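Quick one: the structure is below, questions incoming.
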Amino acid sequence: MRFNPGFFLKEALKNIRLNLLMSVTAVTTTFVCILVLGTAILVSGHIEGIIGSVRQDVSVEAFFAPDATQERIDEARREVEGYPEVSEVTYISQAQALADFKDTFRDNPEIYQDLGSDVLPASLAIQIEDPSDAEAVAGKLKSAGFSEENLSYPQQTIERLNSVTSYMIWGLRAATALFLISSILLISMTIRLSIFARRQEIEVMKLVGASDGFVRTPFVFEGLLQGLVGATFAALLVVWFNYLFVDWAGTALPFWPISSSAVNAFFVVVVLVAVGAVIGVLGSFLSVTRFLRV
Amino acid sequence: MIRFDNVTKLYGRDTVALERVNLEINPGEFVFLVGASGSGKSTLVRLILKEIEPSRGAIYVKDTRLSSIPRRHIPRLRRDIGCVFQDFKLLPNKTAAENVGYAMEVTGQKRRAIRTKVPQILDLVGLSEMMDKYPRELSGGEQQRVSVARAFVSQPRILIADEPTGNLDPETSVGIMNLLERINRIGTTVLVATHDRDMVDAMRKRVVALENGRVVRDMVKGAYADEV
Amino acid sequence: MIRFDNVTKLYGRDTVALERVNLEINPGEFVFLVGASGSGKSTLVRLILKEIEPSRGAIYVKDTRLSSIPRRHIPRLRRDIGCVFQDFKLLPNKTAAENVGYAMEVTGQKRRAIRTKVPQILDLVGLSEMMDKYPRELSGGEQQRVSVARAFVSQPRILIADEPTGNLDPETSVGIMNLLERINRIGTTVLVATHDRDMVDAMRKRVVALENGRVVRDMVKGAYADEV
Amino acid sequence: MRFNPGFFLKEALKNIRLNLLMSVTAVTTTFVCILVLGTAILVSGHIEGIIGSVRQDVSVEAFFAPDATQERIDEARREVEGYPEVSEVTYISQAQALADFKDTFRDNPEIYQDLGSDVLPASLAIQIEDPSDAEAVAGKLKSAGFSEENLSYPQQTIERLNSVTSYMIWGLRAATALFLISSILLISMTIRLSIFARRQEIEVMKLVGASDGFVRTPFVFEGLLQGLVGATFAALLVVWFNYLFVDWAGTALPFWPISSSAVNAFFVVVVLVAVGAVIGVLGSFLSVTRFLRV
């Protein structure tokens, strides 16, 4: 049989117009579900971003012995900068260390007034990309000549942070999956219901000699259109919200590590619209098929 | 063309709709199917369309045993059979013209052929003014005539009409019957289930009478009732 | 009992279904309403039930002008009118017995009264075996008879039947018509829209003929066609 | 007309059985929506709990002059303990302060080896219930004789914490409201669609003389039952999840301030079931009403 997309598209559009209530319901359901799903994806994207930047703050401090030569320091620094786990190395000289200390205790000058400029050791502040690498870096530093007591890294804090953040990310992904499944379920049920309401039409079509494909195609087009419309609106709204939020967070919450790069807006739109379209098509396809056995 | 071979149809466990029916309808024949309400006429029609399956026995349409037709070839069978359903079975979301056109669409006919033929056919059944009305905007008899128009628009080899004049006044009924006869004369096999005694008596065609699911009479040039 | 006062009914802008209809039906009368397909019979019935409103003119049922009945009192009007609909209008999720019973439920009748009366009535229309079948499991004629049973089960003052025998064989039709006459004899006003010429000619009741929405004939002891 | 709840309930149950697909859809939609809504309520309950306990950690430190007498200290302590905003007051003596300092710098004994035992001042660590009261408490402390430089309270941190937590709580409530609205919308649309599919039945009922109430009541019962069933299952599942989570968090995340008291399980069940039932009833009522105008 000749395939005529124009005919099927026209049929689909006419059906949408004639079954307006059902179409509106399907589109609105898709819209709401995709909106919630998109919000979940965005929120978890941002939270993962924040978690990521919190994790980035993990650093190891390696103190040099008070008698370390400048060559020793430079050499150690170069070596540490070569470690793949390390993102940034800052050298803190003895003078700098004292200045920092004084600043910390500026309200109680009694504490530091007797300190000589060489009491506090020079150190390297080593930023580590992934906190789970902290121990490995510490090991390397030890073999590079730093003794255990000259290394300061918040072992327990890192472990906690690790477990907490991985739980959180795990939880966020589970929640997003829940939203995805819920969306799929709700949208496809709405479609199924709206096709169920027209099962007699499908039966009649079959009885006057329409093939399964001929009956199904307009419904599938209809599902596709409804899914596309609902999902597109929802996706654009989500991305617009995201834009507003990132904008607002930049001024209202400057100390929060929220960045627009935490979420790829284009990618989110594509994913959401695709989810809507696929559910629309598959939902219609499967629902119609149930009533084709006439 | 159509052959029933010892066909029995049960609905559920105990409703016997047809019982050991043997019937042969030759190509080009015009057959009336009569019988009291509930005697199994519609069941017989639904069996021919493979809408339902017989409980026992075999049905042949165009020498093909229906039970051997795979599901995907059923549409092909149905396109060869035009059917006027007792309850019309119009598509509520299509106008009269679109309903009739749909039967041509399913056979994959050209858009242009459809656009010229549908109005002609609707004119034949007296509905040229009702082309763009939806079924719910049509009177009972008008809906029935749309169903008639749809049944023969694609020039099927077999035309089955289940009570095609139940909602029509005698005059319009005669028109429809004449139409069926004309269609029969160009070679189409026609099977009409009806209660219209005047019509059956007037047309003197083969009459098959059902009673409680059994064929109780099968006469060439018969009448509605027995005493002929 | 029923009075049409210069009633015109338009569907949309240009479909004239009824045009300046004047008609008075007295209590206890038996009236046939005849006319070609699309002449406006069903429209007239729907107007009496206040399912639709007239475009012009006034309709009185039991001396009450329908347009003055507030929405919440419409059910009361309809409980006084039993109606056999041309398309049956059975509730698909209720069995034959429940469909008939529903018409008694709505009037708030006792559960026990319903349980005794429904089988009697179904027996009268020859469906005592079909009590527990759903409409989709009934033949066309059986559905029609359920609709008839439902229309008079609550003993309405007015009984309207729109094509009550269109799907029935002549024998069963006579049974139904006798039933309608019996109901009329106990004082019920009966209005029957029909195409059944034999029946109308045989019963010699008042006949109102419609043509294109106008009353063209209104004869006491009339016949289906003009020449009487 | 006599009102017969038994009749209407029986009708409703029969309708549910006969329109199984539609009932299953309505119940599942309710279930999914209420599940998501309940999860949102629980999550925001716990997060608000965590936020609340983080806020509780806000404290002001008031340092005594090195020459403060014991009477002065006791008097100040009693006075501070009388402040209504204050939840806990801990006295840190000079010896304790030095011990804490040494502990903090235990890796760098050079720092404290020269410190006398009276270099660090004694202080009061004052826990404040609501961080927004910190400033008020500081004011009172000043009028009680502490000078500005002898008070240490993380002014900026508190302000940030305040704004961040209030934004978060505000955001959580907005999200929960979004879920609530979505749930209401989706459930009522499903109900509307399922009643739309039966509009002809409603029409027939009206035509044979049923009053609006007579037609509506079984549908309303049906909506009530569907809402109750879907919401009850969802609510119990949510509360069970919560129980498991609190249990698990107690062992797996001991350092997180998650407590079962953050969320009143009984209250959540009642709210969720009520939401389901009310939407079921109202949704059916309004949807049927649309088709009663026959």
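Letters A, B, C and D mark the chains as written, and numbering starts fresh at 1 in each.
FYI, a contact is a pair of C-beta atoms (placed from the backbone, for glycine too) under 8 Å apart; a residue touches a chain by one contact, two chains touch by 3 or more.
Here the structure is a predicted model, which is why all the values come from computation and not from measurement.
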Centroid distance [mean C-alpha coordinates] between chain D and chain B, Å: 67
For chain A paired with chain D, centre-to-centre distance based on mean C-alpha positions, whole Å: 24
Whole-Å gap between the CA centroids of chain B and chain C: 28
Sequence positions of chain C contacting 2 or more other chains: none
Of all residues in chain D, the ones touching two or more other chains: none
Chain contact topology (line, ring, star, complete or other): ring
Contact pairs between chains, per stated definition: A-B, A-D, B-C, C-D
Residues on chain D engaged by chain A in the complex (per definition of touch): 21-22, 25, 28-29, 32-33, 35-36, 39, 43, 101, 107-108, 110-111, 114-115, 119-121, 149, 152, 160, 163-164, 167, 175, 178-179, 182, 185-186, 189-190, 192-194, 196-197, 252-253, 255-256
Residue ranges of chain D in contact with chain C within the complex: 1-2, 7, 14-15, 18-19, 201, 204-212, 214, 293-294
Residues of chain B touching chain A in the complex: 49, 51, 71-72, 74-76, 78-79, 83, 85, 89-93, 102-103, 105-108, 111, 150, 154
Contact set on chain B toward chain C in their complex: 11, 15, 34-38, 41-42, 86-87, 137, 139-142, 144-145, 162-163, 166-173, 195, 197-198, 224
